[in-house]
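Notes to accompany the following structure.
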Amino acid sequence: MPEKNASEKFDLSIDLAGLKLKNPLITASGTCGNGKELDNYFDINKLGAFTLKGITVSPRKGNKSPRIAETPSGIINSIGLENPGIDQFIKKTIPEIAEYRLPFFCNISGYSEAEFLELAEKLCGRKEIAGVEVNLSCPNIEGGGLAFGTDPKTVYSITKKVRKIYDKLLIVKLTPNITDITEIAEAAESGGADCVSMINTISAMKIDIDKQKPLLGSLTGGLSGPAIRPAAVKMVYDTFKKINIPIIGIGGIRNGKDVIEFMLAGASAAGIGTINMIEADAALRIIGEIKDYLKKHNIKRLSSLIGKVHI
Amino acid sequence: MFEILKNKEVGPDIFYLVLKCDELSEQPKPGQFFNVKISRKLSTDPLLRRPFSVFDFDEDQNILELVYRKVGRGTEILSKYKAGEKLDVIGPLGNPFSTEKRSGLIHLVGGGMGIVPLHYLARTLEKGEKKVFLGAENSDELEFFTKRFKKMNVEIHRAAMTEKMEIKGSVLVLWMNYLDQEKPLFVYTCGPEKMLSAVEKECLKSSIQGQLSIERRMGCGIGVCLSCSCETTEGNKRSCVDGPVFTLGEVVLNA
Amino acid sequence: MPEKNASEKFDLSIDLAGLKLKNPLITASGTCGNGKELDNYFDINKLGAFTLKGITVSPRKGNKSPRIAETPSGIINSIGLENPGIDQFIKKTIPEIAEYRLPFFCNISGYSEAEFLELAEKLCGRKEIAGVEVNLSCPNIEGGGLAFGTDPKTVYSITKKVRKIYDKLLIVKLTPNITDITEIAEAAESGGADCVSMINTISAMKIDIDKQKPLLGSLTGGLSGPAIRPAAVKMVYDTFKKINIPIIGIGGIRNGKDVIEFMLAGASAAGIGTINMIEADAALRIIGEIKDYLKKHNIKRLSSLIGKVHI
Amino acid sequence: MFEILKNKEVGPDIFYLVLKCDELSEQPKPGQFFNVKISRKLSTDPLLRRPFSVFDFDEDQNILELVYRKVGRGTEILSKYKAGEKLDVIGPLGNPFSTEKRSGLIHLVGGGMGIVPLHYLARTLEKGEKKVFLGAENSDELEFFTKRFKKMNVEIHRAAMTEKMEIKGSVLVLWMNYLDQEKPLFVYTCGPEKMLSAVEKECLKSSIQGQLSIERRMGCGIGVCLSCSCETTEGNKRSCVDGPVFTLGEVVLNA
């Protein structure tokens, strides 16, 4: 009975602006290390793609500790982009990831337009890297005032300039700390982004009431985890109506149902962040749960669900 | 999922948690820790796991013993679990104490719940001369630990802040009294960072080698998130995978 | 030993722009009915103040059901301001609340500036009402685009006009769905508000993945509950630096520690919303927990904590 | 906090939960419900309580019986609770069925978990002629209910969608077969809204009085939030406090 067997096969593959992923699961930057840490727990080649830790031009020590606080169904982090800087990254990290067989995205953060361009330039032509994710949204950096990603003009300009330099997949990562995220998504699209990823963390803080001081060393930080999922889904839903490039949905995903929710809202792929910190091999479970859903609803191609709630 | 065999109060807000863990990938080493999910399956709150050091491990029966103090929401919820329930626990995690054979006197200096990893360590260093220095607020907090240390070949010295044991005061003072008279070959220490810092200072001054275990607030416990970074002589390191055990002098402590 | 007894007494009272509250707990609009429902469970006179359900000029049936969805440590609601309209409210609800001995605030929502003014006018001079809370932030209303509360100019204008008409306590309630909430708080202060309350719900949605449709009848709604607390605390913290009028901190409060957290961040009083839906007499427990904290830290006057984290 | 005496599967994904509840403010009436907190103390997820109808109540021993189907996250977590654990439950809540004495035939029509409140109702209407019509997907789902209804003075008729019991098909069809032959004095019904709507239509057509109980998604269960509003002939009403029991014809049903 070949039909029966066939009906048990599901196509989880996703087309991300021309890049084919075997499934929609992409690690979210900063929550999954750089590959080998998770590879201790499962074969990371099973992921759709891997987003590396945020990288800056100069090395950064990151913020003062404590850098993490727990909140209801969420966490606040203020890592502050601890990283060895782009040159060290190219020298040490890139050779390390070369052994894996899956697309790697490089998450880049700059403190000026020039820095973004320098980062893009240095990553250009690196065959180990399948794409660059421009992080315009990190709220942790003390860089004078609001994040780059709150002004559509700036977003357009940076995207356009990076686009000129960088020829592979260009992802722009959006901040949720904004009145209308769809404007920023449109700016990224106009600037030439191949896709947007959303959302980054929500500005938040926790106070140590016994010490009567902010709990985090850097006073405030970014909220992630299941708590933020309902806000993230809404933003993906709104953005899907406005742009024609694919969306990587991120925010509080912990199981296959959450991935389906983001895809129905309009996401083409799903970033998994905080869940990996609690369950290193969550991706394997999630892939299974996605298959269970497809089976239950007799759906062959996962990608047929993208944006389906809008119909 | 590990089954809870026992979860009972053995001192003021101090709980003794015994787990049957058959599916362990490797045997835990002293100084390593386990990361315990506090929430029920399908509940996302509390979200993060809680790290606890190995208090003891029985390799024949795969029985893991932890000791924890009820200090916040997570440990309060944990204290309500009953024998027979299951817990989602991962580990062993982290870089252990070095337990190479040393022919000479060894000091173990523990303050508060920092005593926990020193117990399994002392058990593992079975042979050889050892002195253990235990400090806490009061003698009740030390009762359970004392009982267990008495079962092995180790000399016990105790100090409490609010009542006179060997002395009334900090374990640091107690330990330094001994340090005046003898020079140990190696010192292991775990406890509040202030204490670690003082122990380290004394050891470095007298060129005594040793290791400390630090407790930094953790996110993942597996090296992916950089929540637990600490500054060291060789740049930032992650206390969850590069630590929690470090060589004396290696880490910049918050004193 | 009179000293010992005295040290067991705590002063929980709060000065809210001249209005003295016996304690900082204020029910958040829409989550506590209009008094008598909660009074079945405890003596509501023990509350600091009571904010009534949102009222509009015309009667409203509210949104299609389902109107509520659960999310991790939160809920999304889309009640849609179901209410009998201001005239019915004055005729029926005001006489009902007259029997209680605590300040009542009236939460008003308009679909035009004129409606806000009409509402304020009709409530003016009502001795049963101690103040008006201008809801500029409700995201549920399909009123064409964003909420009033996202534009500082509009907020200034409405506040100023309501202020002219209304002489008792004027509270302006802020929406968190904005890039910089402090701008709006400043606009309310300039317009003459006596205090601001913050935050209202965060825009959110949940999808029924089996039906492949938005779960709520009105598609999207507002997130409340513990999940949003870390974002609310951050906004109160930021706003406290910018304005000189008191802040009513709202968002995810479930216990005394949370109230203390908001006060340390800068709130003078605390709105309790979603928790009342799960535990009708939560306020009593919370008052006890606040006292426990004061006792533990040997603090006599609760109000001494306001904004203390900024020092 | 009520102690769990029993929490066991009595049918496919159907659980029978028995609680010892000594501090009840008043005795529950048929049609009322209890609102159960699913999360552990200090955990905020799942946040909302879950409403369940009274299946039975023993007023001498203060023993409350509930029956629930595992349909989602909350009921799945609930199904993992063990005897001996405590649950935070509030109730009785809601507007009950009218149980005034009626001299004449009474029909009770229940579909799926809508059968639950009809059980306690039938027990309370002890005297008098009653027929109960039970419908479900298959006979396994009805087994536990049947056993319990058999213990009282009531005539039982059953239908299942996927296998032949009295008929194969919906309980509605089964009930209408009887309605063709006899006119009950009063009809009580609970189940899916489509079914309620059909029952209501038949009754109104034949001028039969009755009551239905509806299950709207609830927030608070105590009348403060308006999550559960339903349109009625007299404007919006809250199904948690003005319902869940309404007179036939009163509520606009989602058919």
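Going in written order, the chains are labelled A, B, C and D, and every chain counts its residues from 1.
Operating definition for what follows: contacts are C-beta pairs under 8 Å (C-beta built on N, C-alpha and C of every residue); 3 or more make two chains touch, one makes a residue touch a chain.
The structure displayed is predicted, hence computed values, not measured ones.
Asks: Strictly by the touch rule at the top, which chains does subunit A share as contacts with subunit D?
Replies: The shared contacts of subunit A and subunit D, listed by label, come to B, C.
Asks: Rounded to a whole Å, what is the gap between the Cα centroids of subunit C and subunit D?
Replies: Whole-Å distance between the two chain centres: 36.
Asks: Between subunit B and subunit C, what's the gap in Å when you average each chain's C-alpha atoms?
Replies: 46
Asks: Quick one: subunit B and subunit D, Cα centre-to-centre, how many Å?
Replies: 53
Asks: Provide the list of subunit A residues touching at least two other chains, using ranges where the numbers run on.
Replies: 72-74, 225-227, in rising order.
Asks: Multi-chain contacts only, two chains or more: what residues does subunit B have there?
Replies: 44-46
Asks: Taking touching chains as linked, do they make an open path (line), a single closed cycle (ring), a hub with spokes (star), an all-linked set (complete), or other?
Replies: Drawn as a graph, the chains make a fully connected set, so complete.
Asks: Over in the complex, which subunit B residues touch subunit D? Could you list them?
Replies: Result: residues 39-46, 73, 76-77, 80, 82, 84-85 of subunit B touch subunit D.
Asks: Touching subunit C in the complex: which residues of subunit A?
Replies: Per the touch definition, subunit A meets subunit C at residues 71-74, 76, 146, 150, 177-180, 202-207, 209-210, 212-214, 220, 223, 225-231, 233-234, 237, 252, 257, 260-261, 264-265, 293, 297, 305, 308-309.
Asks: Could you pull out which subunit D residues touch subunit A in their complex?
Replies: Touching subunit A: residues 44-45 of subunit D.
Asks: Applying the document's contact rule, which stretches of subunit C touch subunit B when the two form their complex?
Replies: Contact set of subunit C toward subunit B: 72-73, 226.
Asks: Using the touch definition from the top, list the residues of subunit C that touch subunit D in their complex.
Replies: 30-33, 37-38, 40-41, 53, 61-62, 65-70, 72-75, 77, 79, 82, 225-227, 254, 274, 276-278, 280
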